[in-house]
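Labels for the chains are A, B, C and D, by order of writing; each one numbers its residues from 1.
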Amino acid sequence: GGTTKEDVRKEGGAAAAAGKADPDAETKKGLTVGFLPKQVNNPYFTTADKGGQKALEELGSSFKEVGPSSGTDTSGQVSYVNTLTQQQVDAMAVSAQDPGALCTALKQAMGNGIKVVTYDSDTRADCRHAFVSQASAEDLGRTEVQLLAEQIGFKGKIAILSAAQTATNQNTWIEFMKKELEDPKYKDIELVKVAYGNDDAQQSFQQTQGLLQEYPDLKGIISPTTVGIKAAAQYLSGSKYKGKVKLTGLGTPNDMRTYVKNGTVEAFELWDPAALGDLAARTAVALASGQITGREGETFTAGGTEYTIGKDGVINLGKPTVFDAKNIDSFDF
Amino acid sequence: MPESLTRAIRWDTVVGALLIVLLLLSFGFVDGFGNALNLSFLIGNTLPIALIALPMTLLVVSGEIDLSVASTAGLSGAVMGALWNQGMTIEAIIPICLLLGVVCGLVNGLLVTRLGLPSLAVTIGTLAAYRGIAQIVLGSDAVTDFPSQYLDFAAGRVGDTFLPQAFLPFLALLAIAVVTLHATPFGRSLFAVGANEEAARFAGIRVRRQKLLLFTVTGMTASLTGVFWALHYASARYDNATGLELSVVAAVLLGGIDFDGGKGTLGGAIAGVFLLGALQNVMSLKDVSAQSQIVVTGILLVLSVLGPRVARQVSAARAGRRAASGKPPAPARAPTST
Amino acid sequence: MSHPSRPGPAPVLALEDVAKSFGAVRALKGVSLELFPGEVHALAGENGAGKSTLIKTLAGVHRPDAGQVLLDGGPVVFHGPGDARDAGIAVIYQEPTLFPDLSIAENIFIGRQPRRGLGRIDHRATREATAALMERLGVALDPERPARGLSIADQQIVEIAKALSFDARVLIMDEPTAALTGSEVARLFGVVRALREQGAAVLFISHRLEEIFAICQKVTTLRDGARIASEPLAGMTEDDLVRRMVGRDLDELYPKQDVVPGEVALSVRRLTREGVFTDVSFEVRSGEIVGLAGLVGAGRTEVARAVFGIDRRDAGEVEVKGRALTNGAPSTAMAAGLALVPEDRRAQGLVMDMSIERNIGLTGLRTTVRAGLVDRGAERSRSLDWAVRLHVKYARIADAVSTLSGGNQQKVVLAKWLATGPEVLIVDEPTRGIDVGTKAEVHRLLSQLAADGVAVLMISSDLPEILGMADRVLVMHEGRLTAEIPRSDATEETVMAAATGRAAA
Amino acid sequence: MTVSAPARPPLAEAPKSGGTRLADRVFTMRELAILLVFLVMLGVTQAGNSAFLSEQGVKDLLLNATILVLVAVGQSLVVITRNVDLSVGSTLGISAFAAGTWLQGGGHPVVAVLLAVLMGTGFGLLNGLLVSLGQVPALVVTLGTLYIIRGIDSIWVGSRQITAADLPGGFVDFGSGGISAVPWLAMIALGVLVATAYYMKHFVSGRELYALGSNPEAARLAGIPVRKRILAAYTFCGALAGLAGVLYLARFGNVDSGTGNGYELTVVSAVVVGGVVFTGGSGSVYGAALGALLLTSINSVLPALGVSSVWVLAINGVLLLLAIAVDRIVAQRVATALKKKPAHVELPRLPQKEDTRHA
């Protein structure tokens, strides 16, 4: 008689949030908040963390950023959680490479009185106080399908070019895309394949080529990853498929500007990463000030907007922005 | 070269000394380094590298290399997750994973010893293959709900001390490895195999069998590491431990193990592993950025080979001077009879 | 000028009071030497006397610690082997230095290939020049064949061809004949004589004294790094020369003891390895020394390898003391009491970077064990014991064997195998590169072993050694045993006849 | 002539009959084996998907291979000298970024190419100096410089990136353009490949690279300028990595601090698959290039056949193993053929001693 999954399930998990929130508590100053992105030197995270830094300066607290130089170095990220714990920051904002791997270290941190906010990419709910979500996964998934469907006239084969197969957020969005496609108005659209480019330019390139060779009558591609969409756009713009195969997904305006202008891409979307960092920072400060504890239903104000904490301590940033030839020049990130 | 033998011996003591100096300095001057939690994290995070470094050192001494270790670890973690999801008991899963590691190692070993392929090439191939199989087995799942007594063992400490519980079994394995390499006939013959395989064969050493055994043990240790990794980080994913092979290789090289085979000590290799681990820990605490840490690691590696080289030249020059000064005055030329 | 008094031509190349040390070892202690055009000069001395070191100093491999090298009477400093080569000095080193991946032609002409327009290599001319050289040496090696897998003898031939290709003013040869049989040696000497007549200066090293007397005019003897004498050979006897080298009179060179052969210890039946040798059967009895003769490439070494299990046999059986040996398993052969002293000491006999102690200890790893661990004390005393018995000249037993002179390395190989206390001993060119004094030692040892009941199979290209030591001589020709000649009938003529296939069975 | 031996066949003729062809076959057969594997793979894929070898498909195949071919050619030179350069990925990344920064500032593309090549040359020189002057194991040194260059790159680049928008349009178009199915980039790579191969076969210094990889000690004794040659091989390898960097920029229109990360294993695989032996002295640049072509094509073949991405990695690994195993078996066949054929063209009837004496 050993231990099986069933036995463990019976034990049940522990809830993270404890204590009582005081919405009227004063916002503390002089706090230190450590940002721990999936990877330093990643433009997306740099923009996000800059947003966090700005918010913290505004609130009179200080900012620091640490992180591994590789986006797959999970053990490296764990040791950085440990480093922040040792340095006794007041709160940390973490974008987790792995939902489970950081748990032990994060729990140690929470045990030492450090408030933990995850942003962009979550861990298990019991390993942090709150999660700042870039946009509701449902919104993202559904709007991307809507964007593409309009571009291809609600007809034809489409494919998805994702990042790694394990990317949790990608997978959630893809689930919602599939749900959206069940709507009868998409009855002429067929999702033929989900390909994985592992957030690597060359691999995303070759996956795009493969999709087009396998389905020569492909009408559109959704790539819900900034690396993937960029690589796919670069490939399309240099091939005979330029303008014929529609491409949309998540991308940054700076990355995609050329391709929107040269007609490879009509429209794509993204939330503002700086706003994400900003909210993560403000949530961290609110937690450290005792204004919230991460329980469902608590509310707090950040940058003039009131946010309500949803189920499992999730806070949604809002709707993503759609970029196209008309508005793209007014963004710079 | 006589120096090259003594070089290995000297270099591993240098690395050991460096490690001690670093530890002493860090205890004294780095905030947050000396507390039990940090030390346990430091050791816990370094353990996977140290574990794999044990058989890797033996393998490298015998003139081979296994780059597939990280993938084997990932595969065993993935299989562990998949079987766990199937509802098997953890007590049955772990032996299966170890067995799987044996098979992985055996495949490497057979390809190298039977087909005579270079191990570097073979294990680059299996590096991809094993990781790929892991991906097929577990897909995008991340399994986290392993039983807490196992998780606690893999992440927990001995009482209130800084020692992770898993460190004690590691010490036992280390002792076994040291004795095997440096005191048994088997280990001793590995040095001969690494330095001159043909001469070893002529001396009646069963080269192929030994190598096969080493690859198998390496595979098993790698899968043990994979199991430990999944429990330590409470997460079984197909991409667990990606890139670990390079860390192991770097640490082992730093410890003075010669990749041409036939040279090195386990003490040096393990000192190298913990030196790198401790250095990274200290640098993080000191807010040295990840990028600069990479540069420091690189410089350390270059110095680890240039250092002994310079030391050798200095000592050779000194010996030459000594010999020259001890020489009697040149004798008068012997008369030639023709 | 070193010798203003001397009339006649000036020396092309000379050493003046040259000293060279390796750490604590003083390999050369103020040695002088002069090489004149049109003269073959011998360098004689025991193993480790400093001959190779002297040659490497002339060749620019080593820089002398003191003293100088004179070229055409003026001092020169060679910064590397390239400088010496450019000065017209061609060297054959003691150990072959070939590039296994390159063809024989490229091995010979590397760096000096004939060119055509724009500095491109003229491959055809290279090939033809090589073929011409081979013709000159009377050996039909294929110029396009890669050097990998050439037998030691063939390697030596390529080395000789390389040295000849320089058309050098000075030709230096460090034991070029050690691996060659009589006919190739004769051929080589023909070429050397021709060169001498064309005015080249030649420096020649050999432990076979008859060779020195056959082609040299002058001899310089070294002992312990110091020059003993430099004198004309005319009027000297072999004993004179030996006395200068060793400092005493020589023991009998072939101290063969008469023994009554015991029972069959090694039995080889219908042994075949396809394409290499066919249907080889013979027996060796306890107490017997059986010689295995043949021309270079006849397949003797291959037979020994297959008997010991290094190579797998395609057919046939091998029995040691009635126990059949597993195919391709040297470890079981060793367990049965078989030992093989291989012919290529660097590649097969020794781990060059390992200490003398551990090299000898390598064959005893399974016997010098206590509680599963290596018994270091026993290992050291076993190694010391044999190193002393074989007069290995070393500084410390923990030194790497690579620091030993060639002959002393050979002794370590012997020690390594004798230490196993074999019942059947196969020695492949056991005295290659060993000086006369030690050679007698080795012979006495083999003789003693036989007297103690060990069965010895001795492969040698040194015909006098075979004739002097063997109770029985087996002769191979092109992969087959062609004759078995009892000691009483064995003469140079009978053995050569069988070896060249003229008396094929 | 010292000796007359009428019984022997004329020697100058003998090699031409069997030897030359055999020796040539030794070298070409290994490459043929890889080529065969490659062609079979293409054939199977074409059968499964007729769009695969369309004009666009062929162009894609060639484009995908270009960068790896260049780096593999450089790497093979280093490996032939019994060394290795693990830092090529880092060099590629940093050179690409340097070129990108130059172009971003409005620089001329030709200068950008020169800049990248120069940068690569510099790092190659550094590696070469460390390895040849220090006479230390190349694996360790270049693993060290891999980290160092990568670190410097990340510190310098930070989170900046250069995208197609920052580059002159002509430059990016050049990256994907060409004459029908043959891209410009592939032509550059082919030019470099053929020139290098010709140099390696027909120039003394090229042959010396083989020699010193085959037996370094003998090379020293033969008076080959060992350090100079090793230095040259590393410099060339670095220069090609730099060139590959700027082509990468043209091709992908995008660089950041992660560009070229982990590339060293791919390059080493390509070289090994291409039959360049790690212990030095044997193999050819054509083999390395074929290895690169094979490896990159696998990544195109699998998606084209509609194989799920989940399987790609595993199949990749197995194919890699298969390729080396096939190569090995071919090599063994050749070795056996060599062994069966005696070293001696024909065993000469050795003349009696008296015959030679009369010289």
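A few comments on the model shown:
Criterion: a residue touches a chain if its C-beta (ideal position, glycine included) is under 8 Å from a C-beta of that chain, and two chains touch if they have at least 3 such contacts.
As the structure is a computational prediction, the values presented were derived from the model and not from experiment.
Taken together, chain A and chain D share the touching chains B.
Ranked by separation of Cα centres from chain A, the top chain is C. Comparing the chain pairs B-C and C-D, the larger number of C-beta pairs in contact belongs to C-D. Taking the mean of the C-alpha atoms as each chain's centre, chain C and chain D sit 40 Å apart. Centre-to-centre separation between chain A and chain C, using Cα means, comes to 73 Å. The distance from the centre of chain A to the centre of chain B, each centre being the mean of the chain's C-alpha atoms, comes to 36 Å. Counting only residues that touch two or more partner chains, chain A has 40-41, 69-70, 165.
Those residues of chain B in touch with two or more other chains are numbered 135, 139, 243, 289-291, 293-294. Residue positions 154, 310 of chain D are each in touch with at least two other chains. Working note: touching chain pairs come out as A-B, A-D, B-C, B-D, C-D. By the touch criterion stated above, chain B contacts chain C in their complex at residues 1-2, 4-5, 179, 183-185, 188-189, 191-192, 195-196, 198-206, 262-263, 319-320, 323-324, 327, 330-331, 333-334, 336-338.
Those residues of chain D that touch chain C in the complex are listed here as 1-3, 5, 8-9, 11-12, 14-15, 18-20, 22-23, 26, 201-204, 207-208, 210-211, 213-215, 217-225, 280-282, 338-340, 342-351, 353, 356-357, 359. Those residues of chain C whose C-beta lies close enough to touch chain D in the complex are 59, 61, 80-86, 91, 93, 97-103, 106, 110-113, 115, 119-121, 123, 127-128, 131-132, 134-136, 138-146, 149-151, 154, 182-184, 186-187, 189-191, 193-194, 275-276, 295, 297, 478, 500. By the touch rule above, chain B contacts chain D in their complex via residues 67, 111, 115-118, 120-122, 124-133, 135-136, 139, 243, 246, 249-250, 253, 258-260, 289-302, 304-306, 309. Remark: chain B residues 31-33, 35, 37-38, 41-42, 45, 48, 84-85, 87-92, 135, 139-151, 155, 232-235, 237-243, 280-281, 284-285, 287, 289-291, 293-294 touch chain A in the complex.
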